[in-house]
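Chains here go by letter, A, B and C, matching the order in which they are written, and residues are numbered from 1 within each.
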């Protein structure tokens, strides 16, 4: 594995999940693989779970870690081609990326979308410029359109909790929010679940919130939440902003928020969320405080997902 | 020791002080106890000494350390019960704490009081929610009402400097300031000195600045600074805000600020302060620049205090 | 070497450069020298390369590293003598420095000039107070007037790229910018190149931009950029603010910005810059994207320069 930007970078999804379970079984699995190697985590945006879990994972492998809050500790970065840098940006990616590449053996990058222009975000130009100019393996710590470390941890969580012979039924259900959010977690979850192929997968969202078909091909898509919940073994709750028009929030219908009684029609579903979650706005506290919630397990699995991915990038 | 929030969490004060001295004697004392263990330091407020000394202490034990500036690196936390999270807070403690508990073996928490409502601060609800929901040992890095790592270092400092057979006379003297400060250091010092019981202890402050009797029981309390200084072996200088009304600053009488000549009536006293200290506002520079000042020793002892405490939480 | 503030602290420049090359050859050179020792990096200003390269260097030696963003993580520092601290500063250097000295074996300090008063900046009072009050070896991570870790890396870069018997011709050429910048990199480069003595050294800048003669003695100084470029083996491009009046920007003539065709009269020069560089404002992107540019090598050599310096401070 050369980089880790999306599921297509992964040669064998199940092998990677299995490796993550091996790390969970023994945190010192592959310890020493990272000796003398350094992970640089370049954070252009805030992060809690991704930041901490990836640090822990790298240390498990014996890597050094340098976290660089690029927005606070250093200089504002410029990504435009052929610009005259007489504005607020101080350093161009074409200098910054090779310098990071000189310092680090593996480069992590956290970079949110602007949500202004769908094509711009879909180009993943910031992440791709880090790949292009750094010269070292790059691991996405969430990019403009995807969040693959989250999805790998989500898939671990599903496999750990569901061990029947049949395929689980998984519903990804849009939730209300007060401000327009990126599509990363939803896109990425859809991409991984469909690529994995081990589930019956349904996505429910209001009109205007269609995810990019590049990620959802193979999933059933409905606008009736009840229909998605019916018989679900897992319900992944997540808000994302509209795609028509892109980055807006035409609907924030609170009836899309799940409460405990709405789970009656599920198959005693496990409820997932990537966190942070706004209680009683995205998801009822009654669910979060119940045994339906597996959000802490998901967060906990982030460590082993990152450890598996870093180990592959070190190889 | 399950948690370290206040002196009541400590089974044997003198044993803990002695352990801190053993760490000072040999920084590698108990090294290896922390191997494979991680300390997470969740900082909701700024910190210099506590931040650095606790990091160093954890490394002495062989622990990994992750410092998380929750206010800057991550998301604003919500602590209210049953709220609809449609405001500025992004993540609830009921998700955040168990996630931290999943990532870390010991959790440090820095959280200042709001100084708006005495009962709210005294409830220590933020610290207690971290204890309740994280599921791991919690060490206070200063909370709403107390600062026990400071007090343990203070007690070390006193014992190192005073080796006569009689009890030392210790005065805690209120000092002027320009803005209302928490009561934590003063409360905590009073709590530890009275619990220790090895000193004649007097507290001097203007009317309206009475500390919570829960912490000062056993101390002599006076409003005449001269009386407190008389014969003192140690003078602990500290500002705190009024308690009547709570969190205000009805008196900022500059005559409460100590200068060198005011020490004449002491027993050649050692002058203590937790730092940071505002020179010539809280305490005269002439004292700070004299051999009376032991503020650097106090700060230095913070390392060994933290090392002793962490070692007990690891056991 | 007791401290590392400028070239005068270095007993033997070439020996230090050679040591840096030895570290580059083997990153684990002198590993173990730092075992049980801690580097504290006190950052009063932003930093990318210095921050990361110094961390990496310290870890190569086996040192622990604590990075302390003093402006964000802690309290605003006061440097004035005899002040009444009733303003925005919370802690005085006379307490902070000895506390850092108690915590750390080596102290790094990053502190930019105010560019208000030449004499004040030239006094290097912040750096010197850290030296005076901390009691431990201090390494400049860029101070008010100099940036010696950068210059050592620059000298390595020159020596690695130029191996003819004759002296290289080195031009330091002022470049336009949109805001007044410190003189540190230019001063320091001039100081190191003249002290080294191994080059024909010319400095080109517009009138009013004369560097301090304390650093440039021995260099040829011209106001005609063409004259400086003629036959140059290396061109170091850098903006700095005027000295008459100090800290202003009377000229920002864009014709001082180099483009590729301007290098025709050089000896196929290597083009240097300390980074960050504003493309097409300070330096043409056509040069930065060409093989003339050695800016990434310079940045990369920062690690080995810091490793050599730290090793000498540990001795």
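By our rule, a contact is a pair of C-beta atoms (placed from the backbone, for glycine too) under 8 Å apart; a residue touches a chain by one contact, two chains touch by 3 or more.
No experiment lies behind these values; they were computed from the predicted model shown.
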Proportion of interface numbers common to chain A and chain B (over half same, under half different): different
Superposition rotation for chain A onto chain C, Cα-based, multiple of 5°: 120
CA centroid of chain A to CA centroid of chain B, Å: 39
Touching two or more other chains - residue numbers and ranges from chain A: 72
Residues of chain B touching chain C in the complex: 27-28, 43, 46-49, 51-53, 55-56, 59, 69, 72, 178, 275-281, 285, 288-289, 295-296, 299-300, 303
Residues on chain B engaged by chain A in the complex (per definition of touch): 36, 38, 40, 64, 66, 68, 70, 72-75, 78, 82-86, 90-92, 94-96, 98-99, 102-103
